[in-house]
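Each chain carries a letter (A, B, C, D, E, F, G and H) given by its place in the written order, and its residues are counted from 1.
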Amino acid sequence: MKADIICSGFGGQGVLTIGKFLAQAAMKEGKKVSWLPSYGPEMRGGTANVSVIISDNDIASPLVSNPSILVALNQPSLDKFGPPTQKGGVILVNSDMTPNKLKRDDVDITYAPMSSIAIECGSTRVLNMVSIGMVIGKTKLVKYETMEQDLRDFLEVKSPELLEANLKALQMGMEYFG
Amino acid sequence: MKADIICSGFGGQGVLTIGKFLAQAAMKEGKKVSWLPSYGPEMRGGTANVSVIISDNDIASPLVSNPSILVALNQPSLDKFGPPTQKGGVILVNSDMTPNKLKRDDVDITYAPMSSIAIECGSTRVLNMVSIGMVIGKTKLVKYETMEQDLRDFLEVKSPELLEANLKALQMGMEYFG
Amino acid sequence: MAQKVLMKGNEAVAEAAIRAGCRLYFAYPITPQSELIEYMAKMMPKVKGTFIQAESEVAAINMVYGASGCGRRVMTSSSSPGISLKMEGLSYIAGAKLPAVVVNIQRGGPGLGDIQPSQADYFQATKGGGHGDYRLIVLAPNSVQEFADMASEAFDLADKYRNPVMLLADGLLGQMMEPVEFKPAKTEEEIEKLNKQHYDWCMRTNEDGDDRHHHEINSLELDPNVLEKHVLSLHEKYKDIQKNEVRYEKINVKDDNEILCVAYGTASRIVKSAITELQKEGHSVGLVRPITVWPYPSEVIANSITKKTKKVIVFELSLGQMVEDVKLAVNGKLPVDFLGRAGGIVFTPDEVIAKIKESL
Amino acid sequence: MAQKVLMKGNEAVAEAAIRAGCRLYFAYPITPQSELIEYMAKMMPKVKGTFIQAESEVAAINMVYGASGCGRRVMTSSSSPGISLKMEGLSYIAGAKLPAVVVNIQRGGPGLGDIQPSQADYFQATKGGGHGDYRLIVLAPNSVQEFADMASEAFDLADKYRNPVMLLADGLLGQMMEPVEFKPAKTEEEIEKLNKQHYDWCMRTNEDGDDRHHHEINSLELDPNVLEKHVLSLHEKYKDIQKNEVRYEKINVKDDNEILCVAYGTASRIVKSAITELQKEGHSVGLVRPITVWPYPSEVIANSITKKTKKVIVFELSLGQMVEDVKLAVNGKLPVDFLGRAGGIVFTPDEVIAKIKESL
Amino acid sequence: MPKMTVDPYYCKGCGLCIKACPKKIIRFSEEINAKGYHYAECFDQDSCIACKLCYVTCPDVAITVEK
Amino acid sequence: MPKMTVDPYYCKGCGLCIKACPKKIIRFSEEINAKGYHYAECFDQDSCIACKLCYVTCPDVAITVEK
Amino acid sequence: MQVIAQRPKSLRDIPFTYCPGCLHGVAHRLIAESMDELDIRNKTMGVAPVGCSVFAYKFFDCDMAQAAHGRAPAVATGMKRSRPDMCVFTYQGDGDLAAIGTAEIVHAANRGENITVFFVNNAIYGMTGGQMAPTTLPGMKTSTSPYGRDADDIGYPIKASELLATLEAPYYIERVSLLSPQEILKAKKCVHSALKYNKEKRGFTFIEFISTCPTNWGIEPIKSRDWARENMLKFFEIGCFRDKSKTVEGGK
Amino acid sequence: MQVIAQRPKSLRDIPFTYCPGCLHGVAHRLIAESMDELDIRNKTMGVAPVGCSVFAYKFFDCDMAQAAHGRAPAVATGMKRSRPDMCVFTYQGDGDLAAIGTAEIVHAANRGENITVFFVNNAIYGMTGGQMAPTTLPGMKTSTSPYGRDADDIGYPIKASELLATLEAPYYIERVSLLSPQEILKAKKCVHSALKYNKEKRGFTFIEFISTCPTNWGIEPIKSRDWARENMLKFFEIGCFRDKSKTVEGGK
C-alpha cells in the first residue's frame, strides 16, 4: 500500500496542516510516512502545497510529482496538479473556489463545496478538517478514530473552544460520501 | 658554478639591497639568479636576512639554508648563520658589531670593520656597498664593472649626490683584499 | 519520551542537539534552514541556553569559536552560501583543535542559486573549503531520524577528537517531516560533566598557585617547524578518525551483485527504492551508502566489488563530486559511472532504474 | 621593454596584470601578498586605473564582481585566510559567468597558521571551496617569469570562458626576486577593444530603440529546472576547458623512467633539480609538472607511465592534496607514493632525492 | 474628464488605493485576475478628480490616471 | 630612599623613560642586552624622587620603582 | 485626454513579486519615476540585494547586478569605479544592509562612493519568512524573537541613517516614510534629490524608506501602515540627517 | 624599602614582541594593572586580534583566545555567553576593528555584550608593514596610500568611538591618549572604569587608545608621540562619548 498525496491551496487555507494530520494519523497506525512542503518565497501570495506519502515500505523521495490522491482547494491547485495526477487517482476539489473543471475522465474526481461546508460548521478556518474528513471518507487511508483522537489531543491543550467545530467539520467531510 | 649567499644584519643595515645588487649584476652577466628575503613580522626589531643564489643552472629553491657565502653584519647574524655555513665557505663579518668570533676553522672567514670603513667613506648608510665590494674582492662573483654600472644607473636618477660615497665604499670594500 | 513524533528535519536536529547538551547556538537565517534557527530561538530560553541571531554567518562561526574555546557544546547551521562564508572560521576551528558542530542544509548553487535540495557542497565539506591542511568529520544523514541521532553523535565525535563535525544534509531533509524518536535529554549534571572533560585545555576560571593554568585557543605559530609539527599532529588525529570512525550502510550488497551503487544522504533513499524495484525484477544490485563522507568508506566500497560486479555507479544530487572518492576507492578495478542532477532537482527512482538498466 | 629586470613575484604579477589591461584592482593587505597590493597602489594611478584597499577580502571580491559585471579586466589577490573569505563571492562570480582573476599567495595553515610558503590550499582552489557545482581555472606558476606571463594568460582565459581564473602561487614565489621580461603593455585602444568584447552581456550605457538591452548579472534562478540547465551549461563549458586548456610541462619524461614524479609550482622547482642530480647518478626519473592544476593533466600523467615505471611519486608542500588527482589519473595502474611538508616548510632537493631513492 | 484605470494584470487587490481615494470611488471587483486576486476597479469614473492619490499609493504600479 | 631599576631582559632602549624622567637621571647603558639594545639605566639613584613617570611611560614594563 | 500618471518608463512590464500591499513596490516606483525625470535611464545601473527585492534586477529597465547578501555597496563600488560616467544605485533591505552588510555600507559611505543607496526598513527579514532584523523594534515578536525582542539581551534597533551620518563623506542622508500618499509624495522629492546628486557626481547619497511587511508582520496591508506609523516612526524619526547641498556651495 | 611600581601580576614574564617604543605595551600594562586592582585575573578571559598584538594571548596571565582578523567581538560574544560569570575583553587594532571587523564591533556594541573592547588606534596597519588603515589621516602616506590618503577618493578616517556612540546599548565609551605619562595616568582611570563596569556586568565598554607606530610611520619613538599629538589628536578628540554610570542610576 502506498498513497502519494498532494494537498494544495492558497496560503491561508491550511493545506500544510491537512498533510500533517494525515501523515501523523498514518504514522500512529504503523505506516511509514513523509511530509514535504513547498517552501520559500514562491509560497508567498501564490499557492502552498504539501506532498505526503503514506506507505507500508520505506519512502524514497518525499516529493510527490504524480499524486494518487489530490486535495485541491482552489483553481490554481487543480490546474497545476490535476493533470499530473495518476490515472485512476482520487481528486477532491473545493468547488467553491474552482469555477473551471478538470478536463480528464480517467480519474476519480469529486467536486464538493468544502468552503461552504466549513462555514456551515462554524468557520472557514475548519476548511482543512472538512478536507481531511473527505479524504478519510473517500479513501479510508486512516481510521476516523485515529484522526479524531489526534485532533482532540491537539486542540484540547491549544484551543479547546475550537474542538467542536473541528470535529463537526471532520465528520461532515467524512460523511460527504455517505 | 653555484653560489649560495646569505646576507644578514639589523633591519636598517640594507642587507636586502646587498642581495639585490649582487643578484642583479649576476643576472646581467648571464647567470641564473634568485633573491628571497626573510619576511613578515619576525623581521621587525630583530635581524633581517636575504638568500641569494647565483648559478649557471636553473635554481631549485631560492631559500639558502647552508650558505657558501655569508655576509654577517652583526653578532646575531654570525651566531645564526655562521654554524650552518658550508665547509670551506666564505664568511665576511662586520667586526664592528661582532665582538664574539665564530668558533670554526673549516671556513674562510674575514673580520673587517665594515662600519668604520663606511664612515670613512662618508656615512654608515654605505655599509652595504662596502660589503658588496668585499664580496666581489673576495669571490669575484661578479665583475666590478658590472656592479659599478648598476650602481651608477640606480643612483644617477634617484640621488646623484650619494653616488660618490657609494662608489668609494664599493671600491674600498673590494680593495680590502688588496 | 520514546514516543514517535512527526517533525521536520530542521527541527528534529535542533531538538536532538539540545538534548545532547548543546546550550549555545549562533546562526543567521537562510532558506531552507530557517526552521532550525527558529526552533532554537523558541527552545533555547527554555533550557537556559543561549541563542543569538548573529549579524552574519561569519560572526556566527566566530561566536562558535569563542564558545567552543570555553569547552561548551555549541552549534551553528546554515545553507550553502552561508556555509561558504564560514570557511575561514572553520579553518581556524580545525586549526585550534576545537570541537563544534556545523549543519549545512544544502541548496542549489553556485552563487545565490535556488533553495531546492542539492548535494553540490560535497567537495567543500569533505576536502576542506577553507585554507590549509585540515579535515572536518562529515556525517550525512538520509532520514529525519538519522539526522536527529547524528546530532548527538556529532557532538560526541567533536569532543572525542577536538575537531569540527559537519552534518551534511540538504533542503529535502531539512524541510521534510518524518517520524522521529528522541533519545532522553542529558541532565544538567551530565552536561556539566561533558563540559569538564575539556577543563585541561579550555578557557575558564583560574586559580592562584600550583593549579594555575594558561590556556590559549590559537592556530597561529610563526615558526614553520613548530607549525609543521602541529599540522602533523592533526594528521595523526585524522588517521585515527579514518581508522575508527568510518560509518556506512550496505544495502543488498551481495556476491551476485551485477552493479554496485554508491549514494549518500537524500540520493541514497531514491537509489535504495530503485534497487528494491530492480530486485523484484530479478536484478541483483547493491548499494553502499556512506554515512560518514569523511572519513570515507573506501575499503568498504572496494570490498563490495565481487567478480560478478560489472560496474560501479555513483548517484548524486550534483554534477559529480563524490564520484572522485568512489574512483579512488575502486582504484581502476572497474568502470565508475555516474548519474547526477543539478540545481535542486532530485532524481526519481525511475531515472535511477533507467540508469542502472543501461548497464545490466 | 624586452629587458630583464629583477623583481619580486608579487610585483611582477601586478606589473604584468596592468600591462594585460587590468585597470581595476581591489584587495586587502595580508602577508606574504602585500607587495602586490602596494605595487598596485603605486602604479594604478599612473595608468588612470582604480586601486581600492577594500575594507575586507569579502568586500574586495564583491567589488570584483561589480567591475567584472561591467566587462572590465579586474583582479584581486590575497593569501590563504583571506582567500577563504572570498569563497562565497567566487561561487557567485562563477555562477554569474564573470571573468575575473584572483591571486592566492598561499601560506601555512590551517587558521592563522604562519606566513611561510605552502601549497595546502590546493583542494580549495581546484575542487571549489565555495558552494555549488562550479570550477575555477587554476594556473600554478613556478617562477617569477611564469607568474608574470600567466597574468595575461589568466585574463585571456577568464574572458574567453567568462569564468574566474585563479593564479595559485605561494609565499616563496610572491617574495622571491628573479629576472623577468615583460610583454609590451596593451594600449588604451587594445584595452577598449577587450572591454567591448563583453558588450553583449555586461552592464553598460543603454540606448532607446531596437538596440536597447537589459543585461542582468545574476546567479539566482528559483526554478530548479532552469537552474539545472544553467549548471549544465556551466559544465559544458568546463568540459571545453578540460579539452582545450590543459597545460603542463614534461621534464625528462622518457621511456626508461623508473620513477615518474608529479609536482607543481614551487615544489616542482625542487623536484626538477633533484631529478637532474639523479640523472647524473644514472637514474632515469621523469617529472610531469601540471601548469594548470584545474583542468588537470590527467591524461598526460597516465600516458607518461611506461612499462619501466615502477611508481609515481607526488611532491607537495602540503600533507597530500594533489595526490588524489594523481591517483585518479593513474587509476590503479601503479602505486602512488607521496612526500609532503607542512606548515610552511619547503623540502630540499636532498629530501626529494632520498624519497625517490627509496623506490629505485 | 478625469479617469483612473486599474490594470488587472498588475493589481494584487491590496486595497490601498481604495483607502487613498478621497472620493471613495474604488472598490474590489467581483472578478478575480489570473493570480486569484479581486482586483480594484473604479465604479464611478465621473466623480474622479484626478488627484492621483490612488496612483501614488499603489505598490504595484497598476494604476493609470488620465485627465 | 627611592630607587628605579630597569630590567635589561625587557628593555628595548626606546628612550621614553629618559624623556619622562623629571630629574634626568636615566641614560642608555654602554652595554647591549641579548636582543642588541642599549638598555636604559639610572646613573644617579640618589636623585630619584619615585615619581614613577618612567614606569608609567615604559612600553615594555621593564621598570621597577621602590621607595 | 492626457495621461497624467502611469507606469514610469524605467520600470519594465513585469509585475512585482512582492506580496499584496507591500510597499517595496512604492519605493521602486519612486526610483523609476526619478530616473525618468532625470533622464538617466540609459546611464544607470542598479544592484539588487538578497531579500524580497532580490528580483529588482528584473524590474528596473536598466542593467542590473544581483549582489550577494549584504554586499551590494561593494558590488556598486566595483561598478561605479568601472563606469564612472554612469549612475549606480543599490536597493537593500534591513537585514541585507544593517546586519550582514554592515561593513560594506559603512565603508562605501565612508569612501563617499558616488552611488545612491535605497534602504528599505521594514523591521523584519521578509524573504526568509519573518526573522528578526537589526531594525526589529524592542518587544516585537518575530520567528527568531518569539518572546519579543529583548533589548537587554540583544540590543536596540539599529538606526542606519543616524549611524552613517557620523561619517564625514556622505553627501545626503534622509529617512522618509511610505505610509501614506502624502508621505510618499514627500519621499519622492528625496528620491529625486538623491538621484540628482548622483547624476551630478556629488557623492554618497542614502535614502531610508520606512516600509511594511504585511505578510510577516501578519497584519493586512492597510493596518500594517498604521502599525508602522504608531510603532516605527517613534523610533525611526523621519528627517534629513545630512544634505551638503545646503552647507557646501555647489557640493563637492 | 617597598616596591611602588612593578610589572603587574596579570602580565606574564614574557617580553612583548612590539617594536621599541611602541605604545601597545603601555596599553597592555594599563589593562593588566586594572585586572590586578579589581582582582579579576582569575575570572577574566581575553581575545587577541590579528595585528601586531596577535601575541597578546601570550602576554596576559589569563586564558586567551586568538581570533580571526576582525572577529574578536564575535569570539568574545561566544565566550561571554558561555561563561557569563567571567570578564571578557578584546584587544584590537584599527585595521582589525574598523575595517574588516566593522560589522562585528558594531553588532557586539549594539547588543550591549557585557565585554570590554580595547581599541588601539595607530592610524596604520602595523603587522603587515604599514598599509593604510581606516583611521589613516588625510594626506598621510602609507604603503597603500603612497601619494597620501586622498579623502576625496577614499574618504576620511573612521572615528570608531563616535560611530559606536550612536548606538543605544553601549554603557561606556571613551577615547584616551597614551602619548605622555600624564595622559597615560588619565587613560589608566578609564581602563580601570571599563573593567570595573565589566566586572559589575553593566554592559558594553569601549576604550580607544590613541597610539603610535614608530616603525611604520618611520618616526623614532619619542618623535612619534609628538607626531601623533600634532596630527591625530586634532582629528580624534580625546574624551568620553558615553558613560551611563553618570546618567543611569547604578547602570543597567
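General remarks:
What we mean here is this: contacts are C-beta pairs under 8 Å (C-beta built on N, C-alpha and C of every residue); 3 or more make two chains touch, one makes a residue touch a chain.
Source: prediction; values computed, not measured.
Fewest steps needed to get from chain C to chain D, stepping only to touching chains, is 1. By number of C-beta pairs in contact, the leading pair of chains is C-D. The centroid of the Cα atoms in chain B and the matching centroid in chain F are 36 Å apart.
Computed from the mean C-alpha positions, the centre of chain G lies at a distance of 34 Å from the centre of chain H. Taking the mean of the C-alpha atoms as each chain's centre, chain E and chain H sit 59 Å apart. The distance from the centre of chain B to the centre of chain E, with each centre set as the mean of the Cα atoms, comes to 85 Å. Shared interface positions of chain F, defined as residues touching 2 or more other chains, are 12.
Counting partners per residue, chain C has 31, 52, 55-56, 58, 81, 88, 92, 96, 111-112, 115, 218-220, 222 as the residues that reach two or more other chains.
Chain contacts: chain A has residues 40-41, 45 touching two or more partner chains. The residues of chain G lying in touch with chain H in their complex are 99-103, 106-107, 110-112, 134, 151-156, 158-159, 162-163, 165-169, 252.
Chain C makes touch with chain G in their complex at residues 28-31, 34, 37-38, 41-42, 45, 51-53, 55-57, 81, 111-112. For chain G in complex with chain C, the touching residues are 50, 54, 66, 68-70, 95, 99-100, 102, 125, 127-129, 131-132, 134, 143-147, 154. For chain E in complex with chain G, the touching residues are 1, 3, 9-10, 12-16, 19-20, 37, 50, 52-53, 55-61, 63-67. Only residues 4, 6, 31-32, 115, 171-172, 175-179, 266, 269-270, 272-274, 276, 346, 348-349 of chain C touch chain A when the two sit together in their complex.
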